[in-house]
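Listed after this line are the structures, all set down as structure tokens.
Same chain, two partners: chain A is paired with chain B first, then with chain C.
What follows is the complex of A and B.
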């Protein structure tokens, strides 16, 4: 009966559903992100001054320093455009609530405003910094003008210009738009905190390391659908490999550039070996076995197996590499830039991998293991490869981490590290590379920047409003709560993450029925 | 299991004959036949590993019992009867606590197939509840407990129910807020949420009670030596811990077997939709399960603080995994199994720690966890859950 075949054909997915969903998420993130960056650049002096004396410049400073002539015009242009950008998410929300599309002329207007703002920021920068036209801007310290706010403002305008000027492209090719926006931002990140305290640079490096880790875990959890709760173990293996081979511990001093590959190789080997026992397991049991490995590996390091790991104190004074005349120990931002190159390479490789035969095999495995095996996919090698590739990326991250902090101890690789990486990919969107980048950025920003600064801010606030108890709050203790709340809220409210992967979204919607059906069949 | 062994036997024959007459499913021996050599070492090793896997899988309980017996005898040979006796006592005390916590894991897994990651932290939180309750009204309960025998009884009668009820409601709230909406979601969603709840609880305890060990001052409640057997001091405290655990476990067993709610629990665990059809209030049953599991964890936390006199914000994490190991060892979903598993894990961790060094006892338990889940996910007394896992 040929009719039957037609009847059984699955309903076509509505064409807008997938790409538009993820595209609008990207649009919202961009819109809010640009508003936040611009707002931050205005407020930065109040944020940063309490922590470090004298740093921080913002257009607000220019306003208060009573500029004259062309300076006044530039500053007021800046102020108006900024106000537009900061208010435009509100406008978007208003239109969204009325269930109308934002008129196109508003987009054009805001795009032009963003470009004008960008140009005038550059003009202020050039006039004050290079041409030293100080009379225009009153009393400004010419050194401070290169500081964070300028870069933040520029990044904010660039994002706003792309968001509103090329709205169609953003919603239709979210990943491309994301790459176009994230890359300049990422490159400028260390410059943004040029004169700020060391920990901000440390935050940037942590961001890069965690981004790498999240990308690696995404291969295992997102692509292949194997929940790995012991991912920090591979991070530890990479870090210890680097530490052993580039420190006085064993009197071996290999350069970091060799160790990246060595760390990746060793970690991927361990990934395959530790993955092997889990091949028969599915779902939560697999998660628990990986969790067990994640506990055993740091334990082995603590107990100093074979006198290799240095026990609870770990391995210290790890070499810091040099690239030509640049010594990384003194120019820490070069770690960030080299990590950025690695991250970009890894992203390109993973995107290709995702679309390759292996990537499709992973998807098949994730959706239905039995069906995948029936179509000729070698489930053993497919799973092991997912583990190995995921582990190799964390091996690279580990090698860098060891070199950056120069000391690795077993406590650096406990369960909370695994969970923090998991929270990043859950926040951003499991299985979506763009989402993983957003998630790792957002969480690292909160953990390494907001929480660290909150201590200072609340202290200052407490002094100002005479509530000394505010100064005693230790906000870095709230890290666990941030991870916990992220995981709970995301799973309850938006299981696909901020930017859901399209395939995952469909899977999560239909997943419930399949699962319960399987459960019923299993019991019958 | 059995087709695994026959397959490897078939492969062995194929290799031995050397003509490739039997079709090898993986084509390994066929390849070696073409080359005209004997099977390479890799293939032989793989075959050996498969055989070993089958053996371990089939004789897992025997291996486990032999290993434990060996460890006990080895301790006896090293340290004599006194050391062995003392360690058995320690193992029983530790095992009783693990058993109490393991029951919560096993009940929840049995009924909604969720590894309730936050259970270990409910344990810690209950320890803090007990700490706070004992410190209320200027430590009146504490001074009551140390005053006289009847006072102690009264104090225990106050602290056990209050803490257990508080912990029970905590468990119910967690289920209501975090797990109920995800009951029909894909398997990993509630697990990730459970990890989130665990971290949230740990973070809250860290913020509220600080990062240091907290002496609970409950250890002074029960003092003195009960008997001295073969040179081992058995204190009242030890007897109290084990007796409490056993008493609670037996009453739970009776509860599940006899009462209507217990019957509803068993029915829901077997088939949720069918129980719903037959008029069981599934939501309430699941809430009750969380209540009882958390209350038992609270009892475990009280006896823990009576025995070890400390509580710390992240205590529950490792203890939780160890208790989960106990639950898996006993066969997850099986209440009796969880109790027995708790005591076995206690023995393994104490005697393993004695033989290999205390720093290894956790690794040993985690290794056992990995081994059980890999070789025998059904545990010692479990029904087959491999299709569900």
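What follows is the complex of A and C.
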């Protein structure tokens, strides 16, 4: 029998991340996640209500004011342990830069800090919020948002404790680790801001809707590798479909729970129909055609095609859904809760899809269309399915969007929306669900929360430090600068995104299809 | 030479019908006519070689068979059934495995995943598993590298994976487009031994090869393509003796 193993090399060198690599990423997810939760719990209550002050608004206020009761010592202990936890990733980075292993006793110290922090957080919460021990803490304001900050701190400590306790067990499962960090975060987010009604609107209307859109676009661009610059068209189709069927416009009033599926179905149909003519196109040509679609659809809506879309004014007075006794119109946070469920379901479905036969076919298609066809993949239906699935998710987003905002107009779906969704997945990491979640969170937070509130914040700051010109700045006009700078910086510094997908990682390491000179010379 | 006639039609393997048959196939790339009335037959269990100079249309012939390119005229029959109207994925499912020119592996997938893609349209998991074993047995080197990214393999290793990937579909007809391209002579020799072994396992092979001597020594019969047309064909030994072939392709 002939054997083709003449030049045996003893050890095959694999350029993939080894077990140590993935364990490291798990560690980073945990430590950065917990650090972020801790930081946010102490700093963000201040961000949200910069004009309010006084003990009781955030644990930070307790620390920065003079002690009012013996119980505040607990809060000081909390502050010290928190400092250790927050600084531990920084120390880790320092050790790594010097290529040294972090000492064991450092791990032990973090473990102890986590436990002490957890215990004192629980103690503070029980004493101050449940038993209302005023002598211990001074005056307790019943409308304070401290308790939510405390909840968040607790979550931070729990995650931190898991980081150092269960590290060995989740070493090879970064996505599990990410889920463990992201889920409590998603659950606690609105708790922290229960005094800030705008915030819950941001969380539902911007964060959750855009996260869905980014996840959907990621199917087309990331999984199947088809650059779609007109994705907002499907968002528009979903939103208009649902708005028409739940408003006085045509006197049809279907419940949102039906419209979600209807919006998804209609949008996916359009996805397949609009995808069909682009099947033979690749790369730049495909991008240009989808760009055209993205312009045509809002244009059709503006021109009130078939008297269906209401022209430039769009469709207004969209129904507010109800779930039993809960009316979403008056309790906007329920939009957030239902979207949270939808996002989680979509993420789980997409993860399974990515690992399914279809997911493998998309990867093959992205790599080499000819070879994919020769191995028995139906390239036509595989591509169309990517368009359809991607569009269906934007249909769901559209159904919720119209309902939350109560009015849809053509401007809501112009090119800038496509750009912002694309920026989110580029920032997070094209093709990586975790990256897309991180990217959409980061960008929606900056664009739709920080920039929107920066005017007020800088105004306050200007008053405080006597520089009134600070109050005249209008930061929301810098939205596109943020997108532009994000895209440019990402392409220059980290072209695979914050959390690159495996394929991108490889591409960046090996220099893509064409081996770079550096790679050939062994320098990359 | 009664045997020769039977061999020529490719119908000597007992089935009475060729596994693969091209009838007067024309292929156009825009205005460029790449194939002109190409007819060829491949009998069950045969190895057939396709030789010809650069640009003769060899690759085009294989691509047309596997449905990547559509003929503008003529027909292609697989076990008597016309396949030239079907899509590439259907033809692959009907049992035509194609290791394309230039290997075309999925560079950012591992070797194992590449082989797995070869079995994409198969449902029998047990069969796929045993075919993995078979490919690994034929190419121990591939097994060694199974966790490595295909794009980072050496040229020869990539060629082994490309053939292995085509094998994973358990094809009845295996189309090999210049499997020896860029390989060291000793590796080529081994590779062709494996091809013969694959053929002995019951797979019919249609082979493109620049090294005409090697090709004709491996195959039973051969076709010589010249500018998109079949110039000569016949049993390998006859072609090797033919003065034109000797002059044009064997450098004698």
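The rule is short, and it goes like this: the second predicted complex is superposed on the first by the 413 of 524 C-alpha atoms of A that agree within 3 Å, B and C clash if a C-alpha of one lies under 4 Å from a C-alpha of the other, contacts with A are read in each partner's own complex, and residues count from 1 in each chain.
Throughout what follows, contacts are C-beta pairs under 8 Å (C-beta built on N, C-alpha and C of every residue); 3 or more make two chains touch, one makes a residue touch a chain.
Worth saying up front: this structure is predicted, and the values here are computed from it rather than measured.
Chemist: Applying the document's definition of touch, where does A:367 land relative to chain B and chain C: first, second, both, or neither?
Modeler: Second partner only.
Chemist: Quick check for you: in the superposed arrangement, does A:495 touch first (chain B), second (chain C), both or neither?
Modeler: first
Chemist: Have a look and say if chain B or chain C is in touch with more residues of chain A.
Modeler: Counting residues of chain A touched by each partner, the higher count goes to B.
Chemist: Look at A:442 in the shared chain and tell me whether it touches chain B only, chain C only, both, or neither; answer first, second, both or neither.
Modeler: So A:442 meets neither chain B nor chain C here.
Chemist: Would you sort A:357 into first (chain B), second (chain C), both or neither based on which partner it touches?
Modeler: So A:357 only meets chain C here.
Chemist: So, A:486: does it touch chain B (first), chain C (second), both, or neither?
Modeler: first
Chemist: Between chain B and chain C, whom does A:376 touch in the aligned arrangement: first, second, both, or neither?
Modeler: It touches chain C, and chain B stays clear.
Chemist: If you lay the two complexes on top of each other, which residues of chain A touch chain B in one and chain C in the other?
Modeler: After superposing on chain A, chain A residues 507 contact both chain B and chain C.
Chemist: Please give the residue numbers of chain B that touch chain A in the complex, ascending.
Modeler: Chain B residues touching chain A: 113-115, 178, 181-182, 184-193, 195-204, 206-207, 211, 270-271, 273, 317-318, 321, 324, 328, 357, 359-360, 362-363, 366-367, 369-370, 373-374, 377, 387-389.
Chemist: Would you pull the chain A residues touching chain B in the complex into a rising list?
Modeler: 227, 229, 277-278, 280-285, 287-289, 291-293, 295-296, 299-300, 302-303, 415-416, 419, 422-423, 426, 477-488, 491-492, 495, 507-508, 511-512, 515-516, 519-520, 522-523
Chemist: Hey, which residues of chain A end up touching chain C in the complex?
Modeler: Touching chain C from chain A are residues 1-6, 8, 12-16, 357, 360-361, 363-364, 367-368, 370-380, 502-503, 506-507, 510, 513.
Chemist: Can you list the chain C residues touching chain A in their complex?
Modeler: Where chain C meets chain A, its residues are 66-68, 87-89, 92-93, 98, 100, 104-110, 113, 116-118, 120-121, 138-141, 144-145, 147-149, 151-152, 156, 160, 165, 169, 186-187, 190-191, 193-194, 197.
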